[in-house]
Amino acid sequence: MILSALEKAEVLVEALPYIKDFYGKRVVIKYGGAAMTECELKMKVMQDIVLMKYVGMHPIVVHGGGPDITGMLGRLSIDTKFVNGLRVTDRDTMEVVEMVLGGKVNKEIVSGLNASGGKAVGISGKDGGLIKARPVDPSGKLGFVGEVETVNPQIIETLIENGYIPVIAPIGIDDEQQSYNINADLVAASIAVGMKADKLVLLTDVPGLLQDKDDSSSLISILKVSQVPGYVAGGIIAGGMIPKVKCCVEAVTGGVSRTHIVDGRVPHSILLEIFTNEGVGTMVVNE
Amino acid sequence: MILSALEKAEVLVEALPYIKDFYGKRVVIKYGGAAMTECELKMKVMQDIVLMKYVGMHPIVVHGGGPDITGMLGRLSIDTKFVNGLRVTDRDTMEVVEMVLGGKVNKEIVSGLNASGGKAVGISGKDGGLIKARPVDPSGKLGFVGEVETVNPQIIETLIENGYIPVIAPIGIDDEQQSYNINADLVAASIAVGMKADKLVLLTDVPGLLQDKDDSSSLISILKVSQVPGYVAGGIIAGGMIPKVKCCVEAVTGGVSRTHIVDGRVPHSILLEIFTNEGVGTMVVNE
Amino acid sequence: MILSALEKAEVLVEALPYIKDFYGKRVVIKYGGAAMTECELKMKVMQDIVLMKYVGMHPIVVHGGGPDITGMLGRLSIDTKFVNGLRVTDRDTMEVVEMVLGGKVNKEIVSGLNASGGKAVGISGKDGGLIKARPVDPSGKLGFVGEVETVNPQIIETLIENGYIPVIAPIGIDDEQQSYNINADLVAASIAVGMKADKLVLLTDVPGLLQDKDDSSSLISILKVSQVPGYVAGGIIAGGMIPKVKCCVEAVTGGVSRTHIVDGRVPHSILLEIFTNEGVGTMVVNE
Amino acid sequence: MILSALEKAEVLVEALPYIKDFYGKRVVIKYGGAAMTECELKMKVMQDIVLMKYVGMHPIVVHGGGPDITGMLGRLSIDTKFVNGLRVTDRDTMEVVEMVLGGKVNKEIVSGLNASGGKAVGISGKDGGLIKARPVDPSGKLGFVGEVETVNPQIIETLIENGYIPVIAPIGIDDEQQSYNINADLVAASIAVGMKADKLVLLTDVPGLLQDKDDSSSLISILKVSQVPGYVAGGIIAGGMIPKVKCCVEAVTGGVSRTHIVDGRVPHSILLEIFTNEGVGTMVVNE
Amino acid sequence: MILSALEKAEVLVEALPYIKDFYGKRVVIKYGGAAMTECELKMKVMQDIVLMKYVGMHPIVVHGGGPDITGMLGRLSIDTKFVNGLRVTDRDTMEVVEMVLGGKVNKEIVSGLNASGGKAVGISGKDGGLIKARPVDPSGKLGFVGEVETVNPQIIETLIENGYIPVIAPIGIDDEQQSYNINADLVAASIAVGMKADKLVLLTDVPGLLQDKDDSSSLISILKVSQVPGYVAGGIIAGGMIPKVKCCVEAVTGGVSRTHIVDGRVPHSILLEIFTNEGVGTMVVNE
Amino acid sequence: MILSALEKAEVLVEALPYIKDFYGKRVVIKYGGAAMTECELKMKVMQDIVLMKYVGMHPIVVHGGGPDITGMLGRLSIDTKFVNGLRVTDRDTMEVVEMVLGGKVNKEIVSGLNASGGKAVGISGKDGGLIKARPVDPSGKLGFVGEVETVNPQIIETLIENGYIPVIAPIGIDDEQQSYNINADLVAASIAVGMKADKLVLLTDVPGLLQDKDDSSSLISILKVSQVPGYVAGGIIAGGMIPKVKCCVEAVTGGVSRTHIVDGRVPHSILLEIFTNEGVGTMVVNE
């Protein structure tokens, strides 16, 4: 369908109230899944984020990097052990994780944002002392799988105040300079809380939380924190949605106004979430 | 035609390169004609200007007010004399001009911009010593029809730096505190030069400069300053277009990058001019 | 009497303690009455206000405009109805009020201040969303006679921080973009409270509050808020003094340190009030 | 003569154009002579300087201290030798000079200004590296009588930008930490040039430059630099006026707009010079 | 002993953690005793203080000046009376005190700091209204021996924010412009409290507080406020140490983190105190 | 040898003049060679750089990463072809280069600096559009071996103004988002020129330029640009020294005051170079 110039102008004007509402707001975006691996989707995410910056928001990107890490571990013939379903991260694995996340994935996102007209700067949780980490399992059985101990968002503040889009690899460091591999959703939530962000958007490969997981029309648009225990007990929040929802709950109870589980497979899903009234996933609110 | 959410997102993203190009730029808009009198068009202009502000431009509005002035003069039974086609502005007329422009038209535009989500402030050339004027005809035959002697844009700088959209009534003042009625096109051009604006947009009730005035398909999209004398001699620039083009020439030779004569009768014509590649009038360039 | 240079110097030096005390203070001045209509008095008020600005105070002017409005309504043969002694402001009347206040009276004051060496900027309550209004009488019998709902003083802050003297026409606006005509004393008091002003000065055509209204030597120099009910009951505060005193009480209970009812018919009465110990009216204090 | 309140107000208003003209201007005042020794005059000078600060000027005070130095030298029985009419400053003398100027005279002026409502800070040319000096006579015959080699006005800038009135003792220092006693007029002129001051005022005990030194009515109100050689040759500029005029010439040729030789014996002479049209001495201009 | 370049580098690096800890901290130093009278020691103190400034601390110097005052009083044959062991400061004595402290000692320290590469500015408690004083003995028996009534540290803030090292003569002033001679330790403590300093260092001519005053190896490194009464009762804190300790107690109970009584006879004792772990005196802490 | 506290203090004070000279200066350090691979040396470099930051300099680190890249290429069995002695960088190689430099080496340096007390942020030439690159060999025979086309130092400015130490991986990007591997010496020189740095330090594994390459006592301490052609012709500048010297020449002719080829195998060689007079390599000057 070809739009006339006038129709285009009308669309721009329709966005005005949303632009106004979000002016100067901080939005942390966990970027991953299909939106990161499919070229077309990826380009659209880049455009969405740069547009957010130009219309006055402060997007902050936290990325994962699963498939690339697995690929590189395979090429290097590094075996992966699993304990309780979690990949054990030994020293060799950690080295690869860090190279792939910080040296490859992070910089590809930076290039993509810059090519779309933004000014992005890629850092990891080590830079500027951003993320202090500790092992998830103090016994050491999981190796260097970490969790966020504290966030010092000063470097992010410096970057956003100077017009940059921060892109963050989810790596932390402890006092002995040991690196930790941290789940990107958790890093995004911690940074959103630490930055007093207005919004946290988790891009996923599902439509959101479904009442019936096999019926995509059963989307739960709004999920209250108070409903979570019941939904978990009832099996509606299950599997991979459990940690996602947990992240959102942590964020909203930590002061983030709204958090969203959004389907990254929908083109421009971030923009749709922010600039239109049409639901594109599940919003978790602190009620 | 109903657009899908995706189509809307695509349109927003299409605007990104234009948003980027105009970020932080100053655009002086002469607002008048049908775009000011027809309610629907008026609302669209307000939206366009507020959108410009939110995506990082600095719009500055200069308005005329012809019909309202004529109406009020009629209601007050003040006769209008004409000399060489110019309305003689005596003391009584000037009082009405000032009340209508500064008290009615100016504040209506301010309200409209504020209602559309902007923060507008209406001033006249008297405020902050913005426009020092002198009579067009020193003999006094035209009364208080003035021209711009100097522009002191400090108050406009203060307003735009603090997030406001300045709306300016085309009235000047001389050292004896005498007010003058000045053509709004000329005021817009002078302010554009004084502000080192990047763009001057004159909203008119014609499609632009036409090769054949009866053929709207004969639009001259780009007019070089060097072509003007020939076009005037050839009668292509004639009648009311002569002062319009003269304004544009003054502006571009005074340092404004581009000036545009745009058809205000086209909905969202300002937005189209700025955010699309499609020609919506005549651009005058300094070549 | 001709003063010697030395005597002049002595006077300047005498003012020093007052200049020091008021350095950086905000003073809202309700300007109206004889001080606005008599040419000589008017010029002196302009000088007083500009001087205040130069010696480090922040004067903010709110003006009325009664006689000019009445005159213009007469010229336009618009009849005025009265309900309970208040002029009903219908749509036609409101249009005239706005034109006269915003386009004529406001700009005359601006010109006068600028001619006296100041940098004044005239706005109305519509500009920058300064005054949100609502009808005094919700039944609508009084038409568009309004009262202040909220004050957003951001535009005044911007202007005074940048060296300007704000001059404000007492017009408000509601969410439907309807204009309201508001009593200037009330606007001055609301702005004084909203700006956390140190002083509110109401220029009137009486010497202040008199114990005996026929004896100008019976001036009550200091009126405590606690005394007001008794004085009203006793008929000492009566007639036009009731709303004036009410304004002052609102201001001082709202946080303005001192409010003054000053005789605008006395030349330089503002300056006398601020720079000398000699009483020039009635001061209302929150005791 | 007792002035009425109105007369006082008129005087304040009369000062307005002068206040406006000098707003933000830097005025270096060489303070000495009778204005420093007579209590009444001294108090008036203090008031004048504080008033200048409050109405927006930046006064900078440089003081001498002759009689106090002589007195202390006498009390300490330190003999004074003279070479070519200049007091030889040996090490013992220099110590006394510095104590008296920096510890006594300087702080008395500071106290006086503070008591008059100012915020004064007293420094010498040693503080903040303000004045680098060298001996007037390289042969050493005059001891530590110095002249200004360079001025680094950074400390003065810091003080005036933060609301202080700098009070400067005319002492310099060389690279070997040797102190020098420098003529206060010369220091004032050097600082005025170094600060790009608008005005230099030298307070003296004469009415200004007189055509006939015995006829105080023969005051030369304006002295052009081009006239100086002729007046020196003609003996009109003679004796103590030679170095005074030389200072003024250095200042105006160095970029100070105007310099004044003013009679410090006239009460409020500084204020008269700045705030009135009446001549109170000789102005030297660069013509 | 000649150090190799490498050894020097190692020392610099050893200081790094201390530099980091004290970055941006305010340190008030009471300067006096042998460290002020012996040339070699004096030079080292100057270097220490300038180094502190360059590595990011904000040193603030308060000095005494006993011997110079005594010397000058002797040269002027001014007799000194004592009451209860305190020198009575009559008007003549006060004049000398002020000249010597403000004009001689203060400026010598300034010169020394500047010659060592700093930017020092010398002021007294009169400058900028720094110290308001009152007589220690209201009966007047001690004359103008004063104590600190209030400290207004604004001038010190201005100086340190602009890169200067303030050097302060311990003189205060009352509302009648009367100067007072105040004990320098007390001034240092009051300023440390008023500035919310992190550290107060009192340079003395003793090794610190000794358990046995005749055994320099019996140094009490840390003295808790709670121990003071017992130590006074036990005679361990005795004589001149009583006021010293009292100063320290006032400072730490007033909010200064740490105070130190340091042996100024040890070369570079300030630097040692700050940059090494080795004890160089007694630290008083608020426990 | 154990140094006494006093000796340590003396060393700190000795550094004062150097600290003063370099206050606020920008120093670009090319970090590589033994100083990066040997643990002890590495820790000392980190300390040196952090110390520079704390004493007021702005160190900017550019690093190479040769051995790690070779190691990873080996582990991934990626063959390396050489053309004219330069490693051909194909797409696979480039991916590894970027991962190793940006994800591993860069972050290790960041961690080291942070552990030493600094606030470091690691970026590559892609971040913030820092380095725009083009192929060294347009024919493409060398693959993605690049050279600097332009430097946009804005991100570095942002970082150093906010207290960070930038650590830069020598990777550039062209308009098609293609990454290039660039020689770190060249990147350091380009950034030094682009930042108007005061000093460029190249850490190498040689003592500097030797007159006789087998005699380490034949060090050429100062090399003038004008001497370079002769020395190249004479074989004194040969082999790996040719590109090093070329970098230095580019930097000094581009406006960098001084450049140094320093022996990174000497502990604390950077500190020695900056804080002592002892020669630790070859300085290239623009003469």
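Think of it as A, B, C, D, E and F in the order they're written, each chain with its own count starting at 1.
As a working rule, a contact is a pair of C-beta atoms (placed from the backbone, for glycine too) under 8 Å apart; a residue touches a chain by one contact, two chains touch by 3 or more.
Keep in mind the model is a prediction, meaning the values are calculated, not measured.
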Quiz item: Going only between touching chains, how few steps reach chain E from chain C?
Solution: 2
Quiz item: Using each chain's Cα centroid, which is most distant from the centroid of chain C?
Solution: F
Quiz item: Could the interface between the copies chain D and chain E be described as same, meaning over half of its residue numbers are common to both, or is it different?
Solution: same
Quiz prompt | chain A and chain F: spacing of chain centres that average the CA atoms, whole Å | solution = 35
Self-check item: For chain C paired with chain F, centre-to-centre distance based on mean C-alpha positions, whole Å
Solution: 68
Quiz item: So, what's the distance in Å between the C-alpha centres of chain D and chain B?
Solution: 56
Quiz item: Between chain E and chain F, what is the separation of their C-alpha centroids in Å?
Solution: 45
Quiz item: Which residues belonging to chain E are in contact with no fewer than two other chains?
Solution: none
Self-check item: Sequence of chains encountered when the ring is traversed from chain D in the direction of chain E
Solution: D, E, F, A, B, C
Quiz item: What does chain B use to touch chain C in their complex?
Solution: 72, 75-76, 95, 98-104, 106-107, 110-112, 114-115, 119-124, 126-129, 155, 158-159, 162, 164, 171, 173, 177, 179
Quiz prompt | chain D to chain C touching residues, read off their complex | solution = 1, 3, 5-17, 19-20, 23, 44, 47-48, 50-51, 54-56, 116-117, 266-268, 271-272, 275-276, 278, 280
